Amino acid sequence: MSNHELPRMPKSWRLESKPHKFCPGCGHGLVLKALGMAIDELGIQDRVVFGCDIGCSLLAWDFFNVDTIQTHHGRTTPVVTGVKRANPEAIVIAYMGDGGGYAIGSQHLVNAAARNELITAILVNNTNYGMTGGQMAPTTLPGQKTETTPYGRDVKEAGYPTQGPEMVAAIAREGAYVARGTIANLKQLTRFIKKALQNQMEGRGFSFVEVLSACPTNWRTNAKDTWEFVEKEMTKYFKVGEIKVPAAEGGETDE
Amino acid sequence: MADKPIEGEKKAFMTGNEVVAWAALAAGAEIMYGYPITPQNEIMHYWTRLAPKFNRKFLQTEDELSAGFTTIGGVLAGKRAFTATAGPGNTLMQEPMSMAEMMRLPTVVVIQQRGGPSTATVIYSQQEVTMTTYGGNGEGLRIVYSTSNHQELFDYTIKAFNTAWKYRFPTFILGDGYQAKMRESLTIYDPEVRGIEMVPTTPYVLRPGQIGVNREPNHLRNTYNTEEELYEVLQKHISAYNEVAPEIVEYQEFGTEDAEIVVVSHGVVFRSCKGAVQELREEGLRVGYFRPITLRPFPGEQLRKVAERARMLLIVESAYGQLAKLVKDAIFGCSVRIEGLFKPGVGITSEEVVTKVKELL
Amino acid sequence: MGEGRIVEAFIGEYASGKSENAVNRALMLARAGRKVTLVDLDLVEPFYTLRPIARKLEKEGVRVIAWETSETMGLGEAGSVLKPEMRWALLAAGDVILDIGYGVHGAKILNMLEGVDQTPELKVYAVINIFRPMTSTVDAIVEFVRSLGRVDGLINNSHVGEETTIEMVCQGARVVAEAAAKLGLPVIATSALKPLAEKIGPRDCVGNPVWPLQRFMDASFW
C-alpha cells in the first residue's frame, strides 16, 4: 500500500474533533479519510448532508465540517432519503455498519436500492457488532468467534455471511453504482466513493459502497494479524471491485 | 398549475381522510411520506391525486419506520413534512417519533386509530392514546390533538403544522377510523382568509452560506455519552415543554359549575357524550362535560378545578382506561369519585352514556 | 321505468353517494314489483358498504350479493376480494344494480364481470356531488368523468348532508347539466333525501327527474 502521497488530513475534516474517537487501528478513520478526500475532490462540502447510523459509525457524528445527522440504528437510509426527496439539491450520504445495513435496516437498504433513490450509502464491514462488544454480525465469517458465536459461526445455525453489494446489485436497476472497496487500498476506495457520489450528483441512480474494514479491538488482533484478516480472510468471502456500474461508465475489478 | 388548493372558503362534503389531505395542502405541507394501513389510506389516495397539481411531493416507503424517518428527513431539509398511520403502524412510528422528540423536530403525524392490540380490527378504536401521548422510550414531549369532527380535523391539521414549527415538538392529530371514513359537511378554507399565518419553516441542514466562510456546519445528534449530558439536555427540553404547555392546552367544558356528574371524554366519543349531557340537562339533571382537545399536554389544572367541585367523574372512552389514566394522573389527590364506561375498540352511543349517567345519579 | 331488463352500474368519486343511490335504485325497482339483484362491487372498501344493511334490503325483496360479516374473517384487512358470485352477477335473472367503489381504475371493475358484452342494456351512471372538492366545478367534473372510462349518464347528487338546501341541489343540477353537455352525456336524475326531494317536486330546476333517497348508509359503518 502506498498512501504516502495522500494528504494527511482532508480539508472537509473537522479539526476540533481530532484526534477522532475510534479505537486505535480501527478502519473507520481510513474510510472517512477516503470519503473526506472524495468530498474535497468534488468540491461539495457545502452541499453534503452526512447521516451516520448507530454502532461505531455514530462516532462520526462530528467528524466532518459538513451538516451531519446522527440517526437511529439502521435508519440512516430513510433519514437521508427523506432529506433528498425534500431537497434534491442535497448530496446525501448514509454511513452505516454491517449490522445497521444488513440486519436491522436491511429493508431500507433493499427498498432504497429498488427505488433507485438518489442517495449514496457507505457500509463499513468489520464482521461484527463493534460498539456493543463484538457480537456476530450478518458479515461474520464462517467459523469466526464472536461473543455470540463463542464456538465460531456455525453456518448450519447462523447461515453464511451476507453478500451485501451482490444483493444490492441484484436489486438495483440500470444507473445504480455498486462496489466493494477495502481499507487496504485507499486510493481505489477513494475512487469508488467518488464515483458513487458522482453517480448521485449526475442523477443516475442509487449508489452503494461496502468497505472491508478492521476491528482489532474485538478481533483481539495485533497490526499484522489485523491486516492479514482484512486482506486474506475477508476477501475469501467478499470480493473487492466494482459490482454494478452504469452502462455509460465502464467497470473496474481488482484483478 | 393551480395557485392555491382552496380559494377563499367553501362548503364541502367529505370523509375525514380526505379532509386531512385537503387541510395539509391548505397548510402548505410540501411532502408526505407514507405506508398503506387502514383506516388512513385515503389520506394518501387524496394526497397523491392532489399533490402534483400543486407541486407537492409524495414518497411511498417500505414501512412505517421508514415513513417516520423520511418525514424526519423532510423536516430536517426544512419542509412542512407529514405522515399518517394507524394501529400497528403507529407502534412502528414510535421509533422515529422518539428521535423527533429527542431532537425536537417539528414532525406532523396523523393517527387514525383502529382496534388493538396487534392487528385487531381496521375499523375504529381509541386505544392509541397511551402510545401517541407517551410512546417511545421517552417522556412524551409531544403535542397531541384529539379531534371529534371533520371541521376540527381540518382546523387542527392546519394548526398542527403551526404548533410543530412554532414549538418544535413532534405533533400528532389523533383521529380514528370513524372520523376517517365518516362523511359530513364542513367549511374548507385557505388559512390566509381566516387570518391564519403559517409559521415559516427553516432548514436544519444546508442552510444558506459557505462552510468555513459564513456558516457553521450543523451537527445534529440524539446520542449522548454520559448521564449528565443527557440529563442536561432533557432538563432543557422538559422545562421548554412545561413552559409552552399552558399556551398549547385546549379543552371544552359545559355545565361543570353545578354538575354532580361530569362526563370526561375525547375525540369522536365526545360527540356522544355532548349529546347525552345536553339531553340530561334538558331533563333538569345536573350533568356536565369536560373534553380535553389536547391529550398532551393535558389540561390537568382545568380538570382539577372541575373535579374539585363535582361529585363524580364519568370517564367514557373506546379503550379500557387509557384516558382514565391521563385523568387520574392529572387530578391526583383529588377525592372525586371516578367511574368509567370503557368499551375498548367499540363505538359508544349517547343512549349508552345517558343510561350510565342515570344509573350513577 | 320501461318494460325491459334494467342493468345499471353506479360509479363515482369516493363518498359521492354511489352506494346510497344504488341501494335506493334497487329498492325503487323492487317496490315496483320487479326482481332485483344488488351487487356490492366496492373493491376499495368492500366490507363496509352494503354489508351492514344487506338483511334489511333482503326483507324489502332485494337480493343482495355482498360479503357477510361472518365470511370476512381471515380475509385480512379491507382487502380487495371479489366474491365468486359477484363475477356472475350480470347473468342473474331480472334487474341488476351494481354498486361500484371509487378508485383510480373507475369503470374497469366491470372487466371482472362475466357477460358484460352480452348485456347491451347495461348503463353506467356517474354520481356527482358538487360539494366534493374533486368534482366541484364543470371542468373538474368533465376531467373526472373522463378518467372513469365508460360512462353513460350522470346523476346529480349534490348535497352537504343534513344542512342541504334546495338552492344547493339546484346549483348542483346546473353545474352537472353543464358538465354533461360538455361530455355529451344525459343527466339521468337528481337525487336528494326524501324530505328535500318532496319539497323540490318531481322535477328539479333544470327539469331532471328527482329521485328521493331514503338514508341507509348511516346504518353502515361509514
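Labels A, B and C are assigned to the chains in the order they are written; within every chain, residues are numbered from 1.
Heads up, the rule we're going with is that a contact is a pair of C-beta atoms (placed from the backbone, for glycine too) under 8 Å apart; a residue touches a chain by one contact, two chains touch by 3 or more.
Bear in mind that the values here come from a model prediction, so they are computed numbers and not experimental data.
Interchain contacts link the chains end to end along an open line, per the touch definition above. When each chain is reduced to the average of its Cα atoms, A sits farthest from subunit B. Among the inter-chain contacts, the highest number of C-beta pairs connects A-B. Here the spacing of subunit A and subunit B, counted between their Cα centres, is 39 Å. The centroid of the Cα atoms in subunit A and the matching centroid in subunit C are 57 Å apart. Subunit B and subunit C have Cα centroids lying 35 Å from one another.
Residue numbers of subunit B whose C-beta contacts span two or more other chains: none are found.
In subunit C, no residue touches two or more other chains. Chain contact summary for the complex, subunit A toward subunit B: residues 14, 45-47, 49, 54, 58, 61-62, 64-72, 75, 78-87, 89-90, 107-108, 110-111. Those residues of subunit B whose C-beta lies close enough to touch subunit A in the complex are 30-31, 33, 57, 59, 61-63, 65-66, 68-79, 81, 95-96, 99, 203-207, 209-212, 217-223. Residues of subunit B touching subunit C in their complex: 6, 10-15, 18, 22, 37-39, 42, 45-46, 49, 119, 122-124, 178, 180-185, 188. Within the complex formed with subunit B, the subunit C residues making contact are 14-15, 45, 48, 77-78, 129, 131-134, 136, 159-163, 221-222.
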